[in-house]
Every structure is written in C-alpha cells, then in structure tokens.
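Per-chain residue numbering starts at 1, and chain names A, B, C, D and E are given in the order in which the chains are listed.
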C-alpha cells in the first residue's frame, strides 16, 4: 500500500515537530541566566522584600505599585526592613538596580517576558 | 437530572476547593516569607499637600507673552510633553504638523470665552494671551465616557489619567468641551527635547492632559506653572474659605469657561 | 368559564405536552420536548402544535368533533406506531382532568364550577373514545399496508403459473 | 415500556426524572413486531453461509448459539479489523461529541437512545475495547469496555437491523465515522453465527441463482417485459421491441428487478423502454444479469461481490461496449464505490459514449457504467428528446434524494434537471431534508419487510413530515425518486402519513412526457389513468 | 444517573495531589521533574506511532467517501469539488477544512417556521466551543515553547505578544489560557447537563476533560496567583530537552510539579484513548478519498476470491425454458 509511505512521512513530520526543541537547542545548551547586582544593591543586602519573594512576585508588586500611586495616591511603601520607599519604578527600583540589561533583561529575555514598562518609564542608561 | 446537577456541583465545588487549597497554601507561604502581612505597607506621603477640591485662579492681568512662554515651558519640561512640530522628527509630515500635544497653552480671548466675546471688547482682552489648561471639572464628561476607567476623578477633585490603562479610543477627547486633551499620534519619545527622569513619558496611542501636577503636590510642592508664574497663577483648596484662591475670588470678579455646559470647572479667570 | 385566558390555556397545553413527552425515555424526552426544528423533530413538533389546538377545543364545552379530530389524529397517528400498548398510547388524554383541576383548584367549590368540571370530564371521555377510533383505524391501516405489501409480491401467483422457481429446500448440493 | 405510568403518576412526574439505567443495562425490545424474521436455513445453506439451527425466533430466550460462538465472533472481528482500516479508525477515533445523535431518522422517529448512531457504534466498540485494546483490558467497564455476552449479541441483532445504512450521520461526524460501515461489519459478524434476516438472505439467494431477487426465471422475465410492451402499445400506439441476451449489442441495460416486477417500478420500466425505442438505442436486457440491486451490500463484502459479478460477466459474454444502469439506490452505491474494485478491471469494455449525443462519460471511464439519470439528462441537454411536460400536469412533484445515490455517489442535479424538463410543477422539500441531508425512507438496507411495519413508519416519519410540508404548502401529490426500495417503501409510508401523495420513478415521468415518433394522441398516462383529472370528472 | 464523571474527577484530583505532595512534601522533584516527563514522552511517541501503524497495517479496500455534494459527471453540471471531491486537490481541501475548521460539525442547522417561511439557524454551539477549545489549546502549547527554546524564535515571541494583547495586569493575562479553561468547562458541562450526551458519556469521556481543565487550572494558578519561579521552570525544561536534566537549586513550587505531572499523564494517556482522534482524523476513509472510483480503478489488496454463479451454471438450470421462450442459448 503506497499510502503507508504517506503515513510514515506524516508520523515522522509530527514527531519532528514534537521534538523540535531538541533539534533546535542541539549544541547550544545555555544555562539559566544569573542576575547581576550592582554595588549599591549588594550593599543593601535586601530589596524591599527578601530576594526569593521578589523573584516570584516582583511583577505583582510593580502592578500593585502603579495602582497604588496612580489611583490611590499612596506613594510610600514600608519594606521588610522597616525602611520606607518611594513607590516609583524609575526612581526607586532603578536607582538601586541601575543595570537594567544585566538585572532585568537577562531573565526576561530568557523566559520571553517583554514587559511594557519601558515604553514610558525611564531607566538609567548604560554607559559603556 | 436535578440530582445529577446537585451532585455535580457539590463535587466540583469540593474539587475546586481542593485544588485551590494548594494555591492558598502557596500564597500563605509566600506571605509568611515575604512582607509583614498584618499591616498595609502602602501609605500616603507625609509631606503631601492636600485639599478637598483643588482649584486655580488665573489672573490675566498679570500675564504677558513672556510669562506665558515660561509657564508653558516649565510645565512641558516637567511632564515630558512631546513637541511634534520639529520637521526633523521621524514620521513628520506637513499633514500631521498640527498633531500637537499640550497640557497648558495660550489662546485668544474669543476662543477661550466664545460666549463672552462681545462686539466691543476691550482692546487689551482682544490681544491678551490667555493660559488654557484642563479645567479639572467637578463634573467631568471625559470620566463618564472612558471605557477602561483610565480617566478618573480623585477625591481631591483632580481629574487623573492612568496611562497604563489608556487604550487610545479618544472618547474622552470627543467628550471634553475645552479641547484640553491631546493624543500621541506618533511615538512621543523622540519629540521630547529634554527628558525629566523623574517623570515617565507616554507611548504612541495614548491620550494625555494636565494633571494639576499631582506628582508635585505629593512631595509638598506647588504646581510647576504656579511656581514660575510670579503670582499670576494661584493654586489652592476651593473648599477652604480661607485659602488664597478663595480670598482672591472673594475680592475679584472671575469667570469660568463655558459654564453653561454644567461641567463645573475648577479653573477661574480674573479678567 | 369561557373566559379562560390565553396565558392559562398555554400553561394547560404546556403541562399536557409535558405529560405526553414524559412517556418517552429520559434521553429522548429532552430531544422531543426541546428541539424546535420542524424537520429534525417531527414527533415533538407535531404533538406540540396539535396539543395546543386540542386544549383549545376541549375547553369549549360544546365540542366540535371535526376540529377535535383534526387535532387529535396527528398525535394518535404517531403514537400508534410507537412502542406503546393501546392504553399507554392514549392514557395521556385522561391526564388533562388532573391538569385542569390543579390549575383551577377553587373551581370545585362553586356549583357553577362543578358543572363545568363535569362537562369537561364528559368532553375528555368523548375525546378518549374518538382517540380509540383513530388508534384502531391507524392500526388497521398498518395491517392493510402489511397485507398489501405481501400481496404485491405476487410470488404465489407466479409460482402457481409456474413462472418462477424457488430455491429448493435441500439446496446444499447445488452449491457444489 | 412495561412500567408505563398511569395518568395520575404521569402528571406527578412532570418534573421528575425516572431512575435511569445506563445503556449497557437496558435490554433490547425483541417482542414480535420489533424484529425482522430471521432467515430460513435453506438460504444460508444455499449461499454456503454458516447455518446452525432450524426455525428460531429472536423473541426466544435462548438463541442456541454454537458452542464456540465467542471464538467465532472474536476471530471474525479480528479478521475484519485486519481487512478494513475504516473499522479500526471508526472504533478508535469517536469522541462521543453527540453531533450525530439527533441526525438518525430512527432516533428521530422512535426516541430510542440506542438508535443514536454513536450508541449503535458503541455496541460494537465496547466489545472492541474489551477484546482488542490495552486500555479496555486494564480499565474494564470504566474504560467503556464490556464482555461479549449473549445479550450483547441480541442487542446487535436488534440494532444492526434497525439501521438502514443511510449514512446521514456520517455527513455530520467530524471524523466522518460512517455507521453504515459499522452496521455492515456488525451484520457480517452476526452472519458468522447464522444470524441474518430472511428479507435480506432470500433475495440474495434468489439473486445468486436466477439473477434477480424475486427468483424470476428467464422466460418469465421476458414475458413480464413483453407485457409492458403491450401496455405501451395500448397507451401510445407504438410497439417497442426490447431484446434479451443479445450478443453484439452496444449497451447492456441493467435495472433492479423491482422495476420489472412491482408497481410503481413497472411504470418506470415502461419509461426506460419507451425512451430507448425512441432514440433507437442498440441495447439488450439480460435475464442472467437481471438484477441491479445487491442485497449482498447488506450482508458482507464477499456476498456483494458474488452478486455483483454477473454484470461484468454478462457484458463480457455478450460483447457489449458499456453498461447502462437503471434507477436504483444500493445498486448504485455498489457500482460507484465497490464494483470495479471487486470485479474489475473491466478492460474488455469501452469508455461509455452516448451513441446519440456523442458525449463521452469520463466519470465512468473505469467502471464503464452510466447512470440512466446522467444518460437522460445528457439527451435532454442536447435536445435529442421531444418532451411535452404538460402531460405530467396533474402531478405536482417533489424529489426524494435516495440515500445511496445521495451520500454514496452525489447524484443530485441530474435527476432534478430531468424532472424540471419533464414536468411543469416541481418543488423541492426544505433544504435540511434533501440532497446530502436527505432523510431515509426508513426501509433501506433490507428492512422493507412487512413484519416491522410500525418501525418502518417510525423511521420514515422525518421523510414523510417533510413531504407533508410541501404537500400542505404547494399541494405536492407525487414523490419522485431514483431507487427501487424507495418505490416499494414510500407508498405505504405516504399512505400512512401523507395520504394523497403517490410515488413515481423518474423515468415514469419521462415516459409520460416523451413524444415518441409515430405515436397516437395519448389520453392516459403510463398507469392507464386519464392524463387530466378534469377528464376523469367529465367521464363520470 | 451517570456517575462516570466522579471517577474521572477524583482521578484527576488525586493525580494532582500526588505530584504536589510528592514534590513539595516528599521532595521527589527528580521523579516528577525528570523521570516522569521522559517516560511520558516515550510512552506518547511509541504509543502514538504504534497506534497509527496499527491503522496503517489495515488496508483501505474500498473507496467509500461520504459524498456531501454534487458528483462530477456531465461537464455542464457544476460539481461540488470540496464536499464531493473527484481529485486529490479537492480531497486536500476537504481534509483541510475538516481539520482546521471542523466543517462537518459546522453543518448542524435548525429549521424553524417564522410566519409561513422557513428559517435556518446554525446550531453552532458545539462547533464554536470545540474550535475555541482546540485552537486555544494549540496556542497554549506553542506559547509554552518559550520554556523549551533558547534563544526563543521570533514566531513564538509574536504569538506570545498577540496572546497577551490586552495587556491586562502583570503578569499579563494570556487570552488562550482563559479561553481554554472556559471552553473545556463548557464542553464538560454539556456532557453533564445535556441528557443525550450525558447518556453516551463514560469515564473515558470525562477524564480527558477534567485532566485538561486541571492542567489549565494549575497553569493559571501558578501564573497569576501562587507564583512559581519561572526561570527555574525554564531551566528544568531546557535541561530536559538538551538531555542534561537537572533540578534547579531554587524551589520552583509544588504547583508546578502538579501541572507538569498532569501534562505527563495526558501525554501518556493519549495513545490509549479517544484522544487519538488527532491522528485518526487524517485517516478516515470517508473523508480522505476522492469519489472517483468510477473513473479510476481502486485496488483492494485482499480482494477475496468468491464463488459466483456462472452463466454456464445458470443456463444449465434453465436451458429448456430459455429455448422455449426464444431466448438465445450458448449450448443447444
């Protein structure tokens, strides 16, 4: 039966598509990115919350921040260390994490997260 | 059938509870590990200027062309308002030269007060540049038409825009009787001459307007325009009889724009 | 009692319809009862249409036999070929007595009302008898059709005229 | 429906659902009137099929199956799975979405949930899972598997002989699952146990021996046709002269024997004869291949092949160029989808060319067999016929698309074209009930037997209901069709549901309208009834 | 009362809890994160190929397309080249419409009388939710490629972007996830509440639906509510596809393992279930064949030899009668 050839071709194509990631990544295994902390950040030791929490929840925090500031006019955030922070992405976060490319973008690119924060908000420019 | 349905709902309920308990556990974990969950970590800034209803009085007698320019520059620089008039900008064409973005600008008397443009108007008024900005209406039509509630009215009377939410439908522009709102037809960033790092820019497809410098009020400063106006602009709480604005209105005859529309503007003009 | 509202009539016929539909298995009940497609659900639609007419007729105390027959016949015609015994096929008609009383509980308290109920019951009884006739004529029809069909195959005639031969009774050898 | 609620209970139960059983636990209704009579032993034996017992009835408690019946079914099933990819796919891919459920005319008419095509297939599928899939073996009834028991066999018998293989469900199935295919396989398995019905196997046995279902012997066949010639002469004044078993004819004409034998098919036969005479066709009839219909289709592929083989064999013996086929449903499903594959290649025949118009029937280039509707449509299109449609004026006609030519071939526009040219009053039924969505007559696939008349009426209700609609709306009084089973099954159906609507073959109407050379003025139609109703009134 | 969904529902809940407890409590992250995914994929590939090959082994003896339109016959009659294809391009078109648009399912219509006219209404609910379900599932799967590819190809980024075009919240909401969850739920409710579908449904029908709803549910929960470490998740996924498996140091979160495990169960379950319709739809002989067996010969590889009744036998039976009736015979 000649249609068996078509069936085999179909199966092969299907499995090739299915295992596409294997072929695609062949020989270019890259490890997970390491975030780079600025001197200032290292010094502070702790962000507004601890690192593990920030790792998972920073997007949520930023989302809350923007609502708090814009819609409720609450502009002060008491961090875990009891310190008060100005609720501002550009002025607070980026003040410490001034290395956007090394701090934010690495993981975002790795996981295809493309936040639209930077469409409006500024960040310290990299001086090379 | 009834039986089936009930049992189904019961079971589904149980399972959803079961599965969501996982997530609840995780959230609790997160909370424990993270912030002190008991108190609201967010607070109003201490130094902020507050009011029941912010308002402004423009004393046209004290304004000339130079003041006007100074005021406009101060505002537009502070808020990263783009200037699309530069022919060297990408995307510029003579057709879209009038796509300007403005928070505060000058107009002639008959444009600002068409109802009061009498036939034999004082020469002074005919030529007078009158500063125009968002009226921060007490009854703002733009708020009513916004489908995403990107424009909303704060408790202190400021009509605010949440740029994150703006989808660029421009209903608010159609609704505003004063033309106080502008649309970013092009990417504003290249059109900003000197960027103020303290304040965000907007993106293409977003509407913007004057916000009574709420970001300055939060840190205890007067609006940028007021600061540089040499007393031509006075800012304060309209609800407070002892405020400077009220005193001024008490002793001077002041008018508001298109009052008959019932929008109840918060900007007064002494002519 | 000639002032029964259209709304009430609708309710009565809807209940009557439900009684009929409830005589079918659960899975088909929903199909017969709910599918409004005229062609995909001839059973449900025919019953529904005609039960409405029948409700209207039965409530007129002066029974118009022709009209009743027109409405009754399509329903009985369907039920006569479905897998019902005759009593099961026609029982739904009696149910109207109960349906009507439930809908008008106070009627039996007045003399006038009792008279009306009596007349209505008489109507129903008459309709049952008519249904019986229709049912029998349908069954009769079916048997006639069966006989006709058998006759059409005039094989016996042909065999007699020796025009035709049958497969012999012991055909096993022939196959070889 | 034994525990049927009495009126009081019925009323109380309006909003109350009766306790349900799942379908596996509901036994089939095998009381008299709900099954076709089983086949006589002689037919099985004559055809060389397994025969295990003498007279028996499906209503018997014990069917006396052979001792190794389970093995027989299992091996038979395995064999079929190895032979048919369709069966495997249809067993494996159904997702029970329910799209087919309300498309079956038997479900619509009976409301019996097991008449939903999905469940009909599930009868087989549940056993398939149990016997042939790993999931079924591990999960058992949770996985939808069930053991093959004698009750399952009874269920198969009941429901595979309540399916007319009309394929309507297949049109709506997202995977094209064809219940006809499943029913055929189910019946083939049952036949392995000697379980088949007489209405199928007797015609099959007759056909095998005498060439036609009715067992008409050659001389009788010839005589019958000659009767028609007499009738035609009476009506038209023209003598037609068909030939039989004539070597060297250009065309062999094969039609279902119902056309030679049963009204109203006989009038259709007269129509063919008149048409052929009029155009001077060089054709012959065969007494050996005197049957187009094929009851083997309802039994097994092998039986189908055995019965179908005669057409090519006879055309080869007579040395004709090609074959013309009459109006028949399952005959054409077999010709279109099976014939050449089974009994071909037909390389001793030529690609059919109409000797009258010169049209080459490229669509029949391999099978070398042309449908009479295609042939006549071509004649009309090329203005080769003189037609007087007003002779059909008393008929207000609608057209029933017979299932097999509709969903097994796609013959829709040819018969309609012919109809529109031979009669003045033609109205189609609503579109959801015609063409590929056509409703079955309720008696196809060997079910047009009188003992299940009730079931046939139920199954035909959707079709009758659509006829009723055009009957009420346009006064339609004639239902045309191109299928011999339709011509046999639709008259009682119409008689019961829509009295006043007659049934006719396409070529009966052609015969009426055809103005033959040298004919006398006609006063009656082929049924020997007055051409116009008024005349009838005037006579009285 | 059809209780089959209970088994399925319980099965899915238990499976989810096993993975959650196993990874979070018992610390078997290597089992749920590394071993089971490989095993599941292997079962899927071998099982799928095996099932399809099983189909391929059986021939298609006859050409039995369901013809849903006018055949190709005379030149002047317009044939329906898609619904009744007479050639390969038509078949390809028919199959494409079937596979991409669920054309047969779309055919459902309902007729009602309005006034004295008939009106046709599409009964598209089943079609609509089926198509929403399948396409959103497809988008979800493609979108997940961001966890398996490095660098991430532009196409995936584009799809990701379009899928979150409304930019609601942060992390932004993917429409496909919401639609998948909703459509699967509707299909499930349909099975429970529509009597005739309920009647035909068995555990094997509910289980995949609950499983997929469970997968969507855990996915949604871990993206928007109980967040997990996304970088860790990708690290694990990349480890799997580059055959350098490893569990990232930081804990990803139990809900992630529940999600992953349910996906593995689904993968391993497909070859043994009705979900094989994804392969079967390509091979259905009533759809993937042209209706041209009158024009072109179709060969049946097992064409059984059968006993036929030859003309000679026939003439032997009836010779005398034939001669008497004046019918020609071969042997006098």
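Just so we're on the same page, a contact is a pair of C-beta atoms (placed from the backbone, for glycine too) under 8 Å apart; a residue touches a chain by one contact, two chains touch by 3 or more.
These figures come from a predicted structure and were not determined experimentally.
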item	value
Smallest number of contact steps required from subunit C to reach subunit D	1
Between the pairs A-E and C-E, the one where more C-beta pairs touch	A-E
Per Cα centroids, the chain farthest from subunit B	D
Inter-chain centre distance, subunit A versus subunit D - centres from mean C-alpha coordinates, in Å	68
Subunit B and subunit D, separation of their C-alpha mean positions in angstrom	78
Between subunit E and subunit D, distance of the C-alpha-averaged centres to the nearest whole Å	33
Separation of mean Cα positions, subunit E and subunit B [Å, integer]	53
Residues of subunit C engaged with two or more neighbouring chains	26-29, 31, 35, 37-40, 175
Multi-partner residues of subunit D (each touching 2 or more other chains)	17, 20, 48, 101-102, 113, 116, 209-210, 217, 219, 223, 430, 432
For subunit B, residues contacting two or more additional chains	1, 3, 30
Residue ranges of subunit E touching subunit D (in the complex, touch as defined)	1-2, 4, 7, 51, 54-64, 66-74, 76-80, 83-84, 86, 98, 102, 104-105, 107-109, 111, 116, 118, 120, 126, 130, 194, 196-197, 199-205, 272-274, 276-277, 280-281, 283-287, 291-300, 302-304, 306-311, 314-315, 317-318, 321-322, 324-328
Complex contacts: residues of subunit B adjacent to subunit A	30, 33-36, 39, 41-46, 48, 152, 154, 160, 162-164, 195, 197-198, 200-203, 214, 218
Partner subunit E, residues of subunit C touching it in the complex	26-31, 35-40, 175
Complex interface listing, subunit D residues touching subunit C	1, 4-8, 10-11, 13-14, 17-18, 20, 29, 34, 42-43, 45-48, 101-103, 107-113, 116, 202, 205-206, 209-210, 214-217, 219-220, 223, 262-263, 430, 432-433, 439, 450-451, 453-455, 457-458, 461-462, 464-466, 469, 488, 492, 495-497
Contact footprint of subunit A on subunit E as seen in their complex	45, 48-49, 52-53, 55-56, 59-60, 145-153, 156-157, 160-161, 167, 169-171, 227-232, 234-235, 238, 241-244, 248, 250, 253, 282-283, 301
